[in-house]
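Presented sequentially are two complexes of chain A, the first with chain B as partner and the second with chain C.
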Partner chain A sequence: MYLRNFGISILTAILLTISSFSYADETCMSPYMQKIVGQEDYVYVWTLGVEGLGDEQDKLVTIDVSPKSKTYGKVVSVLSVGGRNEAHHSGLSDDRHYLWAGGLDSNKIFIFDVATNPRKPSLSKVVIDFVEKTGGIVGPHTFYALPGRMMVSGLSNNKDNGGRTGLAEYNSKGEFIATHWLPTDGDLKGANKTGNFADGYGYDIRVQPRRNIMLTSSFTGWSNYMMDFGQMLQDGEAMKRFGNTMVLWDLHSRKPKKVFDVPGAPLEIRCAWGANNNYCFTTTALTSKIWLIYEDKSGEWQAKAVADIGDPSKVPLPVDISITSDDKGLWVDTFMDGKARLFDISDPHNPKQIFEEKIGSQVNMISQSWDGTRAYFSTSLLGSWDKTEDADEQWVKLYDWDQENLKLSHVWTVDFYKEKLGRAHQMRFGAYSLYSSKNSDEEKSVSMLDK
Partner chain B sequence: MIKLRLTKVNLFFNNYIMKKIILFIYIFTSVTLIYADNDNQFLSDELAPGWKKELGYKLPEPGSYKLYNIRKAGNGQVVDKKGNSIDLYSAMNNKITLLSFIYSNCSDKNGCPLATAVFYKIQEKLKKEKYLLKNLKMISLSFDPEYDTPSIMSLYGKDLSYIDADWRFLTTSSLNYLTPILQSYDQPVIRKYKKDGSYDGVQSHILRVYLIDDKKLIRNIYNVDFLHPDLLINDIKTLLLGNE
Partner chain C sequence: MSKKIVSRSALYYLLCITSLLFISKLAISVDNEIIYSGPGDNKDGYESRDYVTKSLSINERKGEKTNLIKYAEQSQLGLPKLKIPKNNPITEKKIALGKKLFFDRRISLNNTMSCAMCHIPEQGFTNNEIRTAVGIEGRSNLRNAPTIINSAYYKFLFHDAREYSLENQVWQPVLKHSEMGMPSFGFTVKKLELIPGYKNLFNDAFPGEGINVATFSKAIASYERSLISANSNFDKWYFGKNDKAVSAEVKKGFEVFIGKGNCVSCHSIDNDHALFFDNKLHNTGVGYADSMGLLIKNNKTVVQLAPGEYVEVDNNIIKSVNQQKKKNDLGLYDITENPDHRWMFKTPSLRNISLTSPYMHNGVFSSLDDVINFYNDGGVQNELLSPKIKKLNLSKAEKINLKLFLESLVGENINILIADALFQTVGDLTKDDPNWANDKDMGYNK
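After this line comes the complex of A and B, so read on.
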């Protein structure tokens, strides 16, 4: 009898399975997150305000990216948040109803409602006590969705403004839950230090839930990321204050397990999607290498450098990376030469560069669609680190990607200086299909929502 | 409409051949689950970990980690299988509670059927751990009061809950009662509407299961990626150890 009933559930599942979720979207998001089918409708750009330009404020810029729309490729909404905060990264909640965006200098977190009207987001809440609540974390950086929660990585602390920092866990209402400090030589928190470093620095977060692991990377503290880039390069002491580690965590217990040496500021982390692909990649900003963090045959996690990016001696400064949904390709943007490079990572232990193209004088972020046919690029790295004078371009560009012929084709550019918006940084996708079944006619949806 | 659906369900239940088919599919599915472990599946083709027998990694010892207070659990008026209106808090009965939002028409293999299967497996695994069962409440609350009447929920839960497990199948009187509950749990749902604007059921939802302690605090929120009976039991034990 019990088997019968249990079987009915399975029968229902097998016979009537219709994928009710939308699978597709940029490929670098939390696996817990809802996905968009096919074409995204909007790109939300978290933008740094610039003194003397427009309203000078940080802002969330919404670009219409639906090719069927009359305003395709145009800015359709600008939401300024008051003042400049060193706007940097942003991340969507697991249900994609809210976009969390941080200020690295002000330590404010802006939570935007992008579900009520995806074309015109509104500001739902501002967290103003991040440092106080977390016990001293400074520089809210990555916003990584967990079910009903948001994990926020810090870059610094309020004691010495250096790189020692932690992770802060919030609930979906924007209320603080807990702080998880990164392990250091002085307090390894039970972690195994596998190399020379346990610096306690932080930057990005990624998880592989099926292996119960979380990975964090490491950058630098407030005293460096707010310093003029040229000045910092000349400051020998400042250049010593960069992260050299990645930490492997037990995801469920939030306890650090291993500290790996990954020298040269490992930044973005991207994990493979395949069910048996138990590995993630990062790139090191200062040493210009691709690193693989992987589970070996004995079930132990390891870290090793697997490829150079450009000529490391010229410090191309790899910044954002993006893994393709089939785990076969890794896009790597390099800030200094403004190039996008594609590596074949079919063999994750031996990445091979198969393509490169200059996107602009500087390039930072890349967001690609799930099918990989569209790639959006943006420019800004940090307010004090972006290039100057003529090289200080600020835009979002869309390219079509032809995988068969390895060809990037420029589609449109939104010039953020010409539009008097500011410096374009993190891009996140939005779509009506996430929130309503009434989305087949995009124009209709827009007009309904605008009412 | 509801009568017609009940008739269909009863026919289904009483069909001997269908039972054989169910058994076959049960066995087939079990085989498929094992095979899937060795196949390089991607996303929509994957079966969630909760369908698999083994979790695939070693869990920390119960009580060796913290389950943080995420926030207060929501309350609201719900309806039991006899049609009695009660509040959700009282249904929790001051026990550690697993709360899942489901609907009887749900057809996503990694959606409601998964949550129901995981609850089913939990009570099976706890058959001999009476202390845990005694302190655990499981609630399956419908997303869809329009279709999931108390009778339908009663039928849905018939024979699923057995031994000493305390598993309740609840619904609400209307969307007016359900919506504030869903909002309090941040549980999104997309509903379908016909061309004339009339309601046409649930289209999709995010699978979330909530672990609520005996003080009505949410202590964990599970989704499809780690909703597995072994992990939930580990967390229940951790909460009980924390109460001792």
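After this line comes the complex of A and C, so read on.
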């Protein structure tokens, strides 16, 4: 009995210790996935090639972010993949051994081995027949790990290059399993169209397994996301082709249940972690609002706008968001003004902005460290949407975050143009702690200094 | 070509018809014929907060195959007999091969662009969703993608009339850096030889010739040449003498067209047919206005964010994300360098015009109303403005009737042409195709 109680106490202590961490970037990823506990060792940056710069092609850039390493804050590996694929998002496999990274234009999916040598990832497989296999989905965007599976959201289709699209389900080996089309008026697939819209558009994926729900959001099709941003803003027809919906799915059956009106291009989705927090957030890129998708007291899921982001009339263009592990904070990056904003979401129905700071002339992605004290920012939004001339800064920056005093302190910058790399987009973390038995002594020693 | 819906209950039909009748251009008609024409992602009414989606399922629209050669070989009411080049007699096999090539995205440097990416069948073989075409890697192009339908009748091709035959026209988008970006003739031919299936198809369509620069263009030109559409309601009335084929308003609109509006001076009509173009180029002022910045009314642009929701955005903000600085489009001048040819563009046909928005060479007008108002105002004044462009002083009723007349020019077989195109499988990269990532490269250093 004593041993049993002792065991329970130890377990409780471990759980309490873990729960005291601010999960940050880790909370943005699949709940089925392994978590990094402690200092992350590397940041993998999925980077867009730029004509006239270096080798001009997309690449996976590895930055050493272990503070006691001799190469701290430096690029330690560059893996070029051929072509400008419109590198965009990436996602780790459920075992975190592989990083799947997509090309929104080429439709190629590059699967990198980040476990064998986390300091120097290698290209394990390239999926080249995504469009053919899925029956016409274009623009592999989000790579979201489910047990033994990778769910991939599309942005477009090969028929009209517009926003109607679907989800593609792959197994962990990179083999196609099934296509799940987003519900449209022509085929709602049993879903309840709760408002005026059932556009069939796609973007992000998140799940709450304990509620057996999956959520998807909606952006725009190939014609728009590949088009010059300035040109598109002046094209009245093109501006009609943005998503205005989110879809609630039955996670297990992969069947859509409800289509919500969420006008103005709802993009990233982040779900709360608390045991009773049955809700997720998104932000609308064009209408600049935070939306809450939540289960009400009667057990029905609803969607409602709960806060403005900046001055919506100035179209700050909220892009990436990140929720804290205690479900009390939501970081929101706004591309046009280059700012990071922190909202207090203790009351999810009434978010309040408590902090903002300009990070650069443009900012897109944010990834916080496990313990919530570090925040990495990157710049690029889309190859044809980034700013021009002097405002086209391209970097990854690390900031320290002081939660008590609400203060961001700049630590270092890796200038992706100066390094002739390209445009820095999505960042994912790697750590030896996930695969310690597989490392060389030298590399492990670098890592172990932090442990 | 009607496609019968599987027998179901009367209630089901009632519900189907009730729920789908509101879908503009896309409704299932009462005789159960599926109407394919019109965007599957319909945005009619998006200007209003009351907008309701009418989106169609992509994978449910399978289309239906048709033997197209008859449209090239047989005359349709309203159009003259088509002249087939002696060096490229039209055959069913060439059309089928050309259609497959037209929809094959592998015929581009990065396997993402096909002819059909800009000439989308259900959107009148143009692109209703953007003003000017977006090419490979998102590169901007200056011009609106013209429709392929009836292009076989043009003496000149492209908005600036720089080509003279469909066969010659074919290669330009394929090799152009901002369109499909293939690096060379030879590389394209070699790639086709390595894509499984094409060798046999070319050998069948062109016995003894196989895949080469000429047969590639002849095949695609043959498909384009088969996309002929007339026998419209207007044709049935005007040439077919069926008085009930069009309404009284359409007839009044035609009177405006040939009279007060003087549209016919460029959009020609002959005794026994009507091409609705004159095979000439004109300066209407649209190009001039674009070059001189006259389309920008003030320092702000109204941008739509969502249904019924707009903001005014400072043009400096738009400029900050305008990466691809476009050159000015001087039209025929870019081909001849004759200063008198500045801002002259080819007269397009008006057949099927209601399906091919947006309008003008740069897609600046989203509706026929906008176009009619533009000409009613006398175009945009400039020293080279065509003397045919003058203020029209049309009444509201005259403008409405003129629009109704234009809408009566939709060809009778348009639905068949679109259904046939939708039936064609889109060519996308497979594991058997040449690609470095597939360990099936083009044979260099081997």
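Assume the second predicted complex is superposed on the first by the 411 of 451 C-alpha atoms of A that agree within 3 Å, B and C clash if a C-alpha of one lies under 4 Å from a C-alpha of the other, contacts with A are read in each partner's own complex, and residues count from 1 in each chain.
In this text, a residue touches a chain if its C-beta (ideal position, glycine included) is under 8 Å from a C-beta of that chain, and two chains touch if they have at least 3 such contacts.
None of these values were measured; they are calculated from a predicted model.
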item	value
Which superposed partner A:297 touches (first chain B, second chain C, both, neither)	neither
Which superposed partner A:209 touches (first chain B, second chain C, both, neither)	first
Touching partner for A:131 - first (chain B), second (chain C), both, neither	second
Partner chain(s) touched by A:70 [first = chain B, second = chain C, both, neither]	neither
Residues of chain A that lie at the interface with chain B and also at the interface with chain C	none
Chain C to chain A touching residues, read off their complex	23, 39-41, 43, 46, 50-61, 105, 110-112, 117, 120, 122-123, 127-132, 134, 137-138, 140, 301, 303-307, 309, 311, 313, 317-324, 326, 357-358, 363, 366, 422, 426, 428-431, 433, 435-438
Complex interface listing, chain A residues touching chain C	82-86, 105-108, 126, 128-129, 131-132, 135-136, 157-164, 179, 181, 184-187, 196-200, 223-224, 226-231, 233-242, 244, 263-264, 284, 286-287, 312-315, 336, 383-388, 391
In the complex, chain A residues that touch chain B	1-14, 16-21, 23, 31-32, 34-35, 94-95, 97, 146-149, 169, 171-173, 175, 177-178, 209-212, 250, 252-255, 273-277, 325-326, 435-438
Chain A-touching residues of chain B, taken from the complex the two chains share	12, 19, 21-23, 25-26, 29, 36, 38-44, 46, 49, 56-57, 59-60, 64-66, 68-71, 106-109, 111, 113-114, 116-117, 120, 158-160, 162, 186, 188, 190-193, 203-206, 208, 218, 221-223, 225-226, 231
